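Listed below are the structures to be examined.
What follows is chain A paired twice: with chain B in the first complex and chain C in the second.
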Partner chain A sequence: MADSEVLHAAHHIEYPYSRSLGPVLSAFMTGLRDGRLLGVTASGGRIVCPPSEYDPDTGDDVGELVEVGPGGVVESWAWVSTPLRKHPLDRPFAWALIRLDGADTALLHAVDAGSPGAVATGDRVVPRFRPAGERVGSLADIEAFVPEGGAV
Partner chain B sequence: MSAARAVRPVSVASFAQAQNVRRDDQRNEVEGLLPVIAEAFGAIGITKDDVDFICSGSTDYLVGGPFSFVMALDAVGVWPPRSESHVEMDGAWALYEAWVLLQEGKVDAALVYSFGRSSLGDLNEILTLQLDPYTMAPLWPDIVSLNALQARALIDAGKATEADFAAVASRSRRDALANPKAQVAGDIPVETLLEDEYVVAPLRRHALPPITDGAAAIVLAAGDKATRWSERPAWITGFDHRIETHALGARDLTASPSTAKAGEVAGVAAGPVDLAEIHAPFAHQELIVREALGLDGTVTVNPSGGALAANPIMSAGLIRIGEAASRIAAGQADRAVAHATSGPCLQQNLVCVLEGA
Partner chain C sequence: MTAATADERGPVTTLATPIALDFDFTPGVAQSRFLRGLEQGKFMGQRCSVCGKVYVPSRGTCPTDGVPTTEDVELSNSGTVTTFCVVNVPFAGQSIEIPYIAAQVLLDGANLSFMGLIQELPATEVRMGLRVEAVWVPEDELAPSLASVRYFRPNGEPDADYETYKEYL
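And now, the complex of A and B:
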């Protein structure tokens, strides 16, 4: 068969069901909607954020939810000069692993830093929440993190 | 549960792989698999009637339809009915399932295969769907960006430099010149590679795997069949796989404790290692896996070119085992380690130790 005879067709698949998020992630998402960030107490008093229903290392049950952040420290970052169509920002930005104040693990989010020179490991960043009326209980309720005291 | 060391000797009796290409839109999955399985059987003069079990590894997310592995069985032909299984994982894990069954001693031979056409969709979006659906996937972080975070962590920790990543890529693609199945091969020095643009900094173009359509098949054999089908069987002497949390931010991305544990249980350090086939789609990952397996500079790593030369999703891990076994069968190595990975940034890892007679 010649190339010109090969048939192509778009194929869209989706699973349009929903489920309850459970006691820990529900609280986390509700917190985001309210403009607050929550972590959960895990083994040895370690605070895990984003929280999970079990200790990510041991699988043990977790304890109380505690508020963390809102600011935090960049633990690693990667500079996206050409955002992909589903990325949270449509201009160059950094993905970063951010250890929020009071937490012992890192949250992945975007940092709207403007240029790669404006972000580095160890930098402090703060969340830029969407307006209260637009928040739905999702990590996307934070538009992006921005350098603390930065110009962006 | 620990898989530990092999109790019953099982050998990799035959291995075949498709030509690795950027896009094969002339053949569907079954048509792509048929010649690969025929080659794996033909090389040792057997048919499907000589194997007692079939296990495959593939993912519906590439095909875009459910239960795509059922259709792929047409490449074997399962009438009269066959004992068959499937994992939604790289074929290396399908091989593990077959190996466990052979350990039980009720059957003596198995066919393992895997397939995937990465060209059908956008891998950056498809691979995002393997992430935590609540705390990661909604932001659509792509696999290149996540690996760039891991590479940056390595650099920040003083464990590697961008030149180290380029050295892995340069060596891999130079070695791939001798691999007729490779998709990307070339002799390009490190200095030239370091002039590549960043895709997602600190990863430059050369540190990324190619996008590959491919398939692979292995025949496992035990007992009489193992010695009858191979002049120099490649025996599996240790086999284990381990996984880390899917909470990326709760891991130390500069190390691979799951690889280290799997290597320990599989007995990597129980003897000298001649060669290692490491499944490291991104150049920096090879450095992490080497350290986790305790491989020193005397070990030949990825003589095939590895996943930087061809990265057929769902098959690239199985191919590492096939490449290692082929070199043992050819007398080029006495003891080899094959590694496969799955998940973002080396989340899950499998280690298989192979030895010649």
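And now, the complex of A and C:
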């Protein structure tokens, strides 16, 4: 058999997983659907956002939920010049670690900055939530963060 | 800790996390030959020159002797159910009405069974040793795909003796 007769075909597999959230992440996702960002109180009074189910330092249960943000500060970022199909935006954007106001840890999300020159470590950003009717309880309820006071 | 919300839908308790993968599959020379056979409405296997076993579908080598399998063998359209499973559980993406029977079918002349659907028989009547034959799609729908085999159905022959397939369970 000639090599040209060897077959190839495009395949697509997909699994419709869903996960149970548990009390902490349930609260976090419910908050997102309500248009609010929540963190949890951990040891030493640290506020962890996105919330973890256990204290990241001691492994103990975490404490009360507290509202954080909505604005925050870019701690670090990477520019995505060619977004992939499953990325949150279909135009170039930055993945950024964002420490929300009142939180002591950073949340990973997209920053819709327009160009890599328009985002820098230390910049202030705010979330652009989807309309309330479109929110389902997911990090994608925030379409992206945008520069605070920016025109994007 | 509670997820307080004014939303009438109540708290969010689950998160959909679908995962998808797109890829190009290249079956290689031996499996391409098997798939080309399906396109012609027949089962093509390969015989090992050392142990004489016939593999269908062939991977191009004998897993026992480690030698390339080069002799092509056309197999029978009939075979024997060696073992089976009655599927009663619905699942996402299911394309066949339940209950249905998934069986390992050992084609006559082969030394390797492969999975097929059994139809034209109540699920309660399937059994080890059942003699079956392949039912193919219409000729103009034949393709290099196992989808060319619609299913297997009883071929009317008496059940096979356990001794003839006990090595293939």
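Here, the second predicted complex is superposed on the first by the 133 of 152 C-alpha atoms of A that agree within 3 Å, B and C clash if a C-alpha of one lies under 4 Å from a C-alpha of the other, contacts with A are read in each partner's own complex, and residues count from 1 in each chain.
The rule is simple: a residue touches a chain if its C-beta (ideal position, glycine included) is under 8 Å from a C-beta of that chain, and two chains touch if they have at least 3 such contacts.
Everything numeric in this text was worked out from a predicted model, so none of it was measured.
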| item | value |
| --- | --- |
| Which superposed partner A:S138 touches (first chain B, second chain C, both, neither) | both |
| Chain B versus chain C as contact partner of A:P23, first or second or both or neither | second |
| Touched partner set for A:L84, first chain B, second chain C, both or neither | first |
| Touching partner for A:A110 - first (chain B), second (chain C), both, neither | first |
| First (chain B), second (chain C), both or neither touched by A:V6 | both |
| Overlap of the chain B and chain C footprints on chain A, listed as residue numbers | 1, 6, 8, 11, 13, 21, 25, 29, 86, 138 |
| Chain A-touching residues of chain B, taken from the complex the two chains share | 25-26, 64-65, 124-125, 128, 134-136, 138-142, 145-146, 148-153, 156, 198, 200-203, 245, 247-250, 253 |
| Chain C partner contacts - residues on chain A that touch it in the complex | 1, 3, 5-21, 23-27, 29-31, 33-34, 64-65, 86, 136-138 |
| Complex interface listing, chain C residues touching chain A | 1-7, 9, 11-29, 31-33, 35-36, 92-93, 144 |
| Contact footprint of chain B on chain A as seen in their complex | 1, 6, 8, 11, 13, 21, 25, 28-29, 48, 50, 52, 56-57, 75-81, 84, 86-88, 95-99, 105-110, 116, 121, 138-140 |
